[in-house]
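Pasting the structures here.
You will see two complexes here that share subunit A, one where it goes with subunit B and one where it goes with subunit C.
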Partner chain A sequence: MSGKVTNGAGGSGDGGDGSEGTPELDAAFFARWMTAAADAVAREADRLTELDSAIGDSDHGGNMRRGFEAVREELGEEVPATPGAVLMTAGRKLVSTVGGASGPLYGTLLRRAGKALGSAERVSREELAGALRTGIDAVAQLGGAVAGDKTMLDALFPAVEALADSGGKDFEAARTAAEQGAEETVPLQARKGRASYLGERSIGHQDPGATSAALLVAALAEADTAVEPEGDADGTGSAQGGSGGSE
Partner chain B sequence: MRMLINVPESVVPDALRGMAAAHPELTVDVDRRVVMRRDAPVDGKVALVSGGGSGHEPLHGGFVGPGMLDAACPGEIFTSPVPDQMVAAAAAVDSGEGVLFIVKNYTGDVLNFDMAAELAEDEGVRIGKVLVEDDVAVTDSTHTAGRRGTGATLFVEKIAGALAAEGAPLEQVEAVARQVAGSSRSFGVALSPCSTPAKGGPMFELPPGELELGVGIHGEPGRERRAMMTAGEIADFAVDAVLEDLQPEEPVLALVNGMGATPLLELYGFCGEVHRVLAERRIPVARTLVGNYVTSLDMAGASVTLCRADEELLRLWDAPVRTPGLRWGV
Partner chain C sequence: MVEAHGGKRVGIVLVSHSKEVADSTARLAAGLAGVPDALVAGAGGLPDGSLGTSEELIVEAARRMDEGAGVALLADLGSAVLTVKTLLAEGDELPEPARLVDAPLIEGAVAAVVTAAGGGDLDTVAAAAEEAYTYRKL
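Moving on, here comes the complex of A and B:
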């Protein structure tokens, strides 16, 4: 079963337990992730805009909603054959529709993660974690930001750490870490993006980018607990697998 | 807040349809969101492409035409355009002589234009790039995204556009654009906040009786908030802030720019004060432009942009230009 463990980008090489590297996640899972993200962004768009109006220019919710609705539409027409292709398609769509800094940054996150997954038809959770790390590093490089700059990275870094700590398995831990990371941007002073012009006045507000990034991570956990259409993907150890209620 | 719109979602395409109706000399692609010279590509000419969030009109679409831009890419309100727009624009206006991207220094604009440059180059278009970062209200430091691009964009687009119209090669057009960007500095003030259609109300709070010194063109804060000042006091503060950074030894080009909701009567009054301060500092003013050119929706206030201008820059400034927002000599 675990014979096809390709060495994802991370190459962390920690000796996992039995289910290490089972390639259980298929393109449908990744499409569910993107759809769940679109749902979350649509649901929270007003809140994102509200947060953005405090330290930005009040358009983050609208821009992200426009982008993820376009992703939903694209994937609704045809789901690409591989996990990597799903993420690359979604990333390209975000670049083409979001605008602002968020378009290139979220687009790069998904495109680079998708590229790291290669052309495998199924990937393991570890590989997903490694690919996310690759995507997040690319975002950091593109935006020139580091942890603590009050950006989306303050949600993404802790999420991918939590994911790595569990050998890529614990999406719920990643969600919690991302949400906590986003909340912890409140006392920070922005050093990148438009909020940086506020200087000390950016302190006391939660970063909208970190908040939308946490939604993307939460959607990963939601995709994991959602019902699979044809639950044949063995779903080895994941206790949450196929737990019913799709919403 | 009452706005002369249909629905907030369609403000940008609605305005583009209106531009198309008013300016048959332009090609306005409403779906792809590109405004172009109808006669593009112009044989043997380097093309200039700019763009940015909407809400700063006439920048950039209003500066498309002979002697200035070949194409402009309007984004959503205060949101940078997407790479597809600039790639489409570059492909449409390139005559084979190359394309200069004029980019204001905001994270989103920089990232989207960079991606577009890469894609356009893949398609065989030669791309030059100039970054406009003239706003002295925020310092260029590692603690911010750097200086913002504001009023100097007009100087760059006009002067580089004039040189391109003379048939200069891409390297020269890019060099003069950089020279203008490097020789220009700005400082703005807000007397009232702006309101975006999506929000339907003010983007930030500015208590009555106060002004924001060093405001950006998206209502971003600058240096400090103070009790309301007179036009003369504001001119002293703004011009000194610019001069501190610019230290001109040549005459200057001056732009006294309205933010959108300040009447021309007030702008001319302010312009008189700007000239008074410059005279006191013994800086000769070679040319002055007054009006609403780089705006921030319905914000009240003004900005001052000064550019150290040698004879060549002045010659290019005086060259003919024919666009919806700026026209002379034709």
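Moving on, here comes the complex of A and C:
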């Protein structure tokens, strides 16, 4: 809906931000993201269930909490060595523990994104944005949903678009876009999932899946601000294990 | 009918949100087909018996039903379908070949079990189950 703000053709020019140095996001960042997501889901579980009781089967909060607590536990034992591995581990855990449709959907999102990040020890924000796009496209394909169907995609598409518009840098913009996207599901009629059986009666309720998707995006922004700048962004290259081509 | 080779039969797994639906449908299909349950298994609900879909139970049932001629999976709705699709797309946990069959759960299960018991290969079993959609009741 409403005109897409395409970020002029310019954009890519200087990039700035130490893009010459080591990419800034490491496995610890991704683990922090997943933990922040688990916190957010735990905090909002009742609300997710309440939204789900209006147009679904009242299990979204409980399912998501079970899944993300399992992720938290798994990553608490040992954080995998690479960003890609963190997301793949988390995704696998969600598929095996959630028990509802959000398990395979969020699981696919994280696993595909993780796979797209490959085995690099650190990744750039731009790479993260690209990987999320890959994951979200896989979710769309799995569920057969498109924008406006009143699903998690209505939060995820705007979020990844906002992220891409900022060259992957602006997690806050992604969070705002996701939250707005979730709110904008209220007047929509559900065309996928159990809520679609309600037809017009699904109108007037915020979609639980879009709401939890916005939590996941918000957690990304939280993980970002939670960083103590332990050497300033410009980190005087503490010789990053010489991992030459971390493409 | 194309026969699965070596006397091995295609295994059938029925995935439902409900353990009772999955297991009862498996018994119903085996009974109507006049074969022992061994060919078909339910993978319903969560491990604790509540409603939902369990990847673990699906994988376990598929491995148990695998005689080496492949496994056909039928699912009811939503997360049951998505979980099987995800397993097929991502994992290496299901036996090879495994396939999600686009069929109504009960009618498809009966057709699949009858066909598998008769020695049909995976394509034939899948086709029989899918054909169940065309069977009108009125």
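The criterion applied here is as follows: the second predicted complex is superposed on the first by the 204 of 247 C-alpha atoms of A that agree within 3 Å, B and C clash if a C-alpha of one lies under 4 Å from a C-alpha of the other, contacts with A are read in each partner's own complex, and residues count from 1 in each chain.
Just so we're on the same page, a residue touches a chain if its C-beta (ideal position, glycine included) is under 8 Å from a C-beta of that chain, and two chains touch if they have at least 3 such contacts.
Everything quoted here is computed from the prediction, not taken from an experiment.
If you put the two complexes together on subunit A, you find that subunit B and subunit C bump into each other. In the superposition on chain A, A:Asp137 makes contact with neither subunit B nor subunit C. In the overlay built on the shared chain, the residue A:Asp39 is in contact with neither subunit B nor subunit C.
Contacts of A:Thr49 after superposition on the shared chain: subunit B is touched, whereas subunit C is not.
By the touch criterion defined above, A:Gly100 lies against subunit B and subunit C together after alignment on the C-alpha atoms of chain A. Once chain A of one complex is fitted onto chain A of the other, the partner contacts of A:Gly193 extend to both subunit B and subunit C. Once chain A of one complex is fitted onto chain A of the other, the partner contacts of A:Arg201 are limited to subunit B, with no touch recorded for subunit C.
Touch criterion met: A:Asn63 reaches subunit B and subunit C at once. In the superposition on chain A, no contact is made by A:Asp165 with either subunit B or subunit C. Looking at the shared chain after the overlay, A:Arg111 reaches subunit C, while subunit B stays out of its contact range. One of subunit B and subunit C touches more residues of subunit A, and that partner is B. Shared contact residues of subunit A, touching subunit B in one structure and subunit C in the other: 57, 59, 63, 95-96, 99-105, 142-143, 193-194. The residues of subunit C lying in touch with subunit A in their complex are 46, 50-56, 77-79, 82-83, 85-87, 89-90. Subunit A meets subunit B in the complex at residues 49, 53, 57-59, 62-63, 95-105, 142-143, 191-194, 196-199, 201. Remark: subunit B residues 53, 75-84, 106-108, 111-112, 114-115, 138, 142-145, 148, 196, 198-199, 203, 216, 218-222 touch subunit A in the complex.
Against subunit C, in their complex, subunit A makes its touches with residues 57, 59, 63, 95-96, 99-105, 107-108, 111, 142-143, 193-194.
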